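Got a structure for you, questions after.
Every chain is named by a letter (A, B, C and D) in the order it is written, and numbering of its residues begins at 1.
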Amino acid sequence: MTESSLRTSLYVIIFGTHTRAGKLFDLCLIATILSSLLVFILESIPEVNAQWHEQLRYFEYGFTFLFTVEYIIRLYCSPRPAAYAKSFYGIIDLLAILPTYLALIFPSVSFMAVVRLIRVMRIFRILKLVRYLQDSNILMRSLLMARRKIFIFFSTVSILITIFGVLIYIIEGPEHGFSSIPKSIYWAIVTITTVGYGDLVPQTPLGQSLASLTMLLGYSILAVPTGILTAELSKEMNIHRQLVKCPNCSQTGHDSDALFCKHCGSQLADPDKRVVPVNPPAS
Amino acid sequence: MTESSLRTSLYVIIFGTHTRAGKLFDLCLIATILSSLLVFILESIPEVNAQWHEQLRYFEYGFTFLFTVEYIIRLYCSPRPAAYAKSFYGIIDLLAILPTYLALIFPSVSFMAVVRLIRVMRIFRILKLVRYLQDSNILMRSLLMARRKIFIFFSTVSILITIFGVLIYIIEGPEHGFSSIPKSIYWAIVTITTVGYGDLVPQTPLGQSLASLTMLLGYSILAVPTGILTAELSKEMNIHRQLVKCPNCSQTGHDSDALFCKHCGSQLADPDKRVVPVNPPAS
Amino acid sequence: MTESSLRTSLYVIIFGTHTRAGKLFDLCLIATILSSLLVFILESIPEVNAQWHEQLRYFEYGFTFLFTVEYIIRLYCSPRPAAYAKSFYGIIDLLAILPTYLALIFPSVSFMAVVRLIRVMRIFRILKLVRYLQDSNILMRSLLMARRKIFIFFSTVSILITIFGVLIYIIEGPEHGFSSIPKSIYWAIVTITTVGYGDLVPQTPLGQSLASLTMLLGYSILAVPTGILTAELSKEMNIHRQLVKCPNCSQTGHDSDALFCKHCGSQLADPDKRVVPVNPPAS
Amino acid sequence: MTESSLRTSLYVIIFGTHTRAGKLFDLCLIATILSSLLVFILESIPEVNAQWHEQLRYFEYGFTFLFTVEYIIRLYCSPRPAAYAKSFYGIIDLLAILPTYLALIFPSVSFMAVVRLIRVMRIFRILKLVRYLQDSNILMRSLLMARRKIFIFFSTVSILITIFGVLIYIIEGPEHGFSSIPKSIYWAIVTITTVGYGDLVPQTPLGQSLASLTMLLGYSILAVPTGILTAELSKEMNIHRQLVKCPNCSQTGHDSDALFCKHCGSQLADPDKRVVPVNPPAS
């Protein structure tokens, strides 16, 4: 095997997702990322860290070594290593390994906290696989089509939250815990989303009336995003069923996961290749 | 440029929303309103106000000056100044600037609280832009079509809340915090909307059984407004797709944000001009 | 006017809802019921009752007198007074006036509490009007058609609530407040409906994991009743549009509140008379 | 009656659900299971157990005796007793009676707690009946068709919960109760599902901002599972209406519970025999 063909086959395995080896590599990567996340979570539990500090540290070094090897291979087999290094996932991959090395050189405790935050972002890579699922496209298209309705909805909700926050601040005031407008807006969000922690509650009859209004409003407007998304999703699913045509009998109406025509039984185009454009040209 | 044409072009910029200058003016106005809201919110935080009181005050004077200039220009360029001054937005515009001047003349602290409430209403102006979006019309039409179903739903919920409030007042009574029926109704609202602050909780087994029933009911009837709105929204979206016709090939089925016919590619009518009547004549 | 015709016109006004006088009477009745409810609620507030006890009592006597007159007229004008007296609303009407008279004869404080409960049921009469709205029929039909799916859903939820209640009782136990299985089931309902009072919270890691599972489950299964109702409601609205035919051009597709045919403009049948059967024969 | 025909008719009654006797047996079994569950729940209430300990124990022995008889008859009339004994329900049936006998031999208190957990699983048998309802099939099919979309949704939610949990742990830290990442993830679940116990609340302004974001996100993404399920359910209900054909006039569009053709009135196939395949072959 020449060096060029080695690089090509490494590229297909590591960056691609359609071959058997590529899928296996992706699954291993996800398992490794989730394991390193588990070690990271375990380290944060005082009792566990006190007893297993050394072992967790060695696991951490092991995962960092694996991710370093992966990063070097990605740089090696990529047709344009510089482009990869500068891409979003390239930077994430580097940030996932850099902090452990930096922590070895500068053993600063406060710095380690920030490191841990970056480590979590590695799990976003899982979404890479999700992109290739047809169902994910339908969900994404629905959200995209509904984006203007959702924006209008969130603008209205923001205005309502501000008004309710200011009103409760005036009615209840600092003596009942509503010490500033930002804190009162926090209360309005806690109430309108029906979370209801109970750390800040209105105590005057007028405040309780306003809170009741906020709750009933929050309870009702929950219907709006659901209605918007459901209507779009139904439309998208219908559009999809009309777009995919059987190559043999030309009939449509196939489900998003159908592999064979339900009218004549001939094989349909590979779902991964039925590219339904995410951004329709005229929008 | 004559005075008359100056007034007309000012009118188009300030009151209109279709020209480039009009849109820019609206965006600047929204930015100014949001900035003045931010200053207002910052003033309410004790720590910030203690340190930056002077600076925040100057910002406040600056915003009031800008809004005053805007109000005078609106009066100047409006074809019927008296009608504008008496309109809803005319009064809001005046109320947005008046309190700061009044506070200068009568420096009363308790009066300032009411002032702040009026200031928040200025952000309603943002909704003016939203009116022109086609998607907003579809949302509004759906809510209008569903208004009788939503009224029936809220009447039923109000009756249920009253009954559950009275029942918990009889079962738990003042010794467990349910000191009056209004307070018990407040508890019923907190529970049926699934907010659940936890400031008032039933403590007897019978009260907890009633609370369980209230929760399960609240959880289930949440389905009703969502179902109503989704069904109306689906219908509206279908109606819209059937109403807009391509001027070239006369085919329908275009999305609400489509600019070109998806069948023949010719330009569709401007979405802003496709006036779908909000109140159909026969309803 | 003969006595017979007086009785008939009184019957049309009091029991009917289609004439102008009948609608006015119903509105007056609703206003009186709501006012008596307001007096009842005000009486329960200690501060208000202390100061206005006498006045509230006189209002109470006034409302009881009005309801007594109404009850006597209903008995008088009803074609079959005995049947009315024994009907559901006849008994409610009697129970609405009886307690005040009984309280005058036997002035017992503890008995008054039960009285108040019965008083609230008078507001159910409001639902009488709601029955005649076409939209209410569509809602009712949707709920009836979905009753078996909703029963399956609630059976499953009940089983889940029992299992989670027993599990948290075993895991957390009486030392963390989960003193019995009924109380643990109450916690499971508070959690699965996303109310979350916070009066009972798991404190062990295992209990918190179980609680997390319960929450995520409760959060997801909320989709089921909404999905069921929305699907039925969409179907019902379509069926309705297909059932109402224009008497002139025989075309269908009219909205539930349409008064004129949208195809030819001729008047449609009165919505109140378009009786869509609530129980289709073959179900 | 020969022994063989006795076994066959016992089999039809006990394992079958279509005969009158079989349905009666199932209803009796459900009543017995629910009664034994009630006894189990009552035993857990300290006050009830203190007073009625003896009586509850005798009830428990009675139910165990009934379930033992049922288990023996099932073994006797089953055509393949070994296969039944090794099946899921066979093992559940054995586990439902075994603990009471074991508790008689080894009277250990701590062991009884585990016993009680197994007892609850007996109510799963109720689901056996549910399987035969056509509506249950439609619900199940919808969930199955939506499984990939639901998996994508839950993966995204899991990633979001982890990120928000880690962020709040870094922002608030152990001094405000967020003592470890698992506990912070528990907080994120409590918040994103809008349960909001209030046992763990952010106290810094930054933490409250993050919590607000978590709530608004949780509030919005609730729309996604509802949208997915509603869209699938609508599709399933339409498919069902198209699959069932009238044997006389061949027309479709019948409701899932229709027994007669709505076009010509002839009897439709028995709903229990209209087997709509749960797993379509091409998926």
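Simple rule for what comes next: contacts are C-beta pairs under 8 Å (C-beta built on N, C-alpha and C of every residue); 3 or more make two chains touch, one makes a residue touch a chain.
Bear in mind the structure is a predicted one, so any value in this text is a computation, not a measurement.
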Cα superposition of subunit C on its sequence copy subunit D - rotation in ° rounded to nearest 5: 90
Same-site or different-site touching of subunit B by its copy subunit C, using the half cut: different
Of A-D and A-C, pair with higher C-beta contact tally: A-D
Subunit A and subunit D: spacing of chain centres that average the CA atoms, whole Å: 30
Length of the line joining the C-alpha centres of subunit A and subunit C, rounded to whole Å: 42
Where subunit B touches two or more other chains, by residue: 182, 185, 194-198, 222, 226, 228, 230, 234
Contact footprint of subunit A on subunit C as seen in their complex: 194-198, 226, 230
Subunit C-touching residues of subunit D, taken from the complex the two chains share: 37, 40-41, 44-46, 113-114, 116-117, 120-121, 123-124, 126-127, 130, 133, 135-136, 138-139, 142, 150, 157, 182-183, 185-186, 189-190, 192-199, 222, 225-226, 228-230, 232-234, 237, 255, 257-260, 262
Partner subunit C, residues of subunit B touching it in the complex: 145, 148-149, 152-153, 155-156, 159, 162-163, 166-167, 169-170, 174, 179-182, 185, 191, 194-198, 201, 205, 208-209, 211-212, 215-216, 218-220, 222-224, 226-228, 230-231, 234-235, 280, 282-283
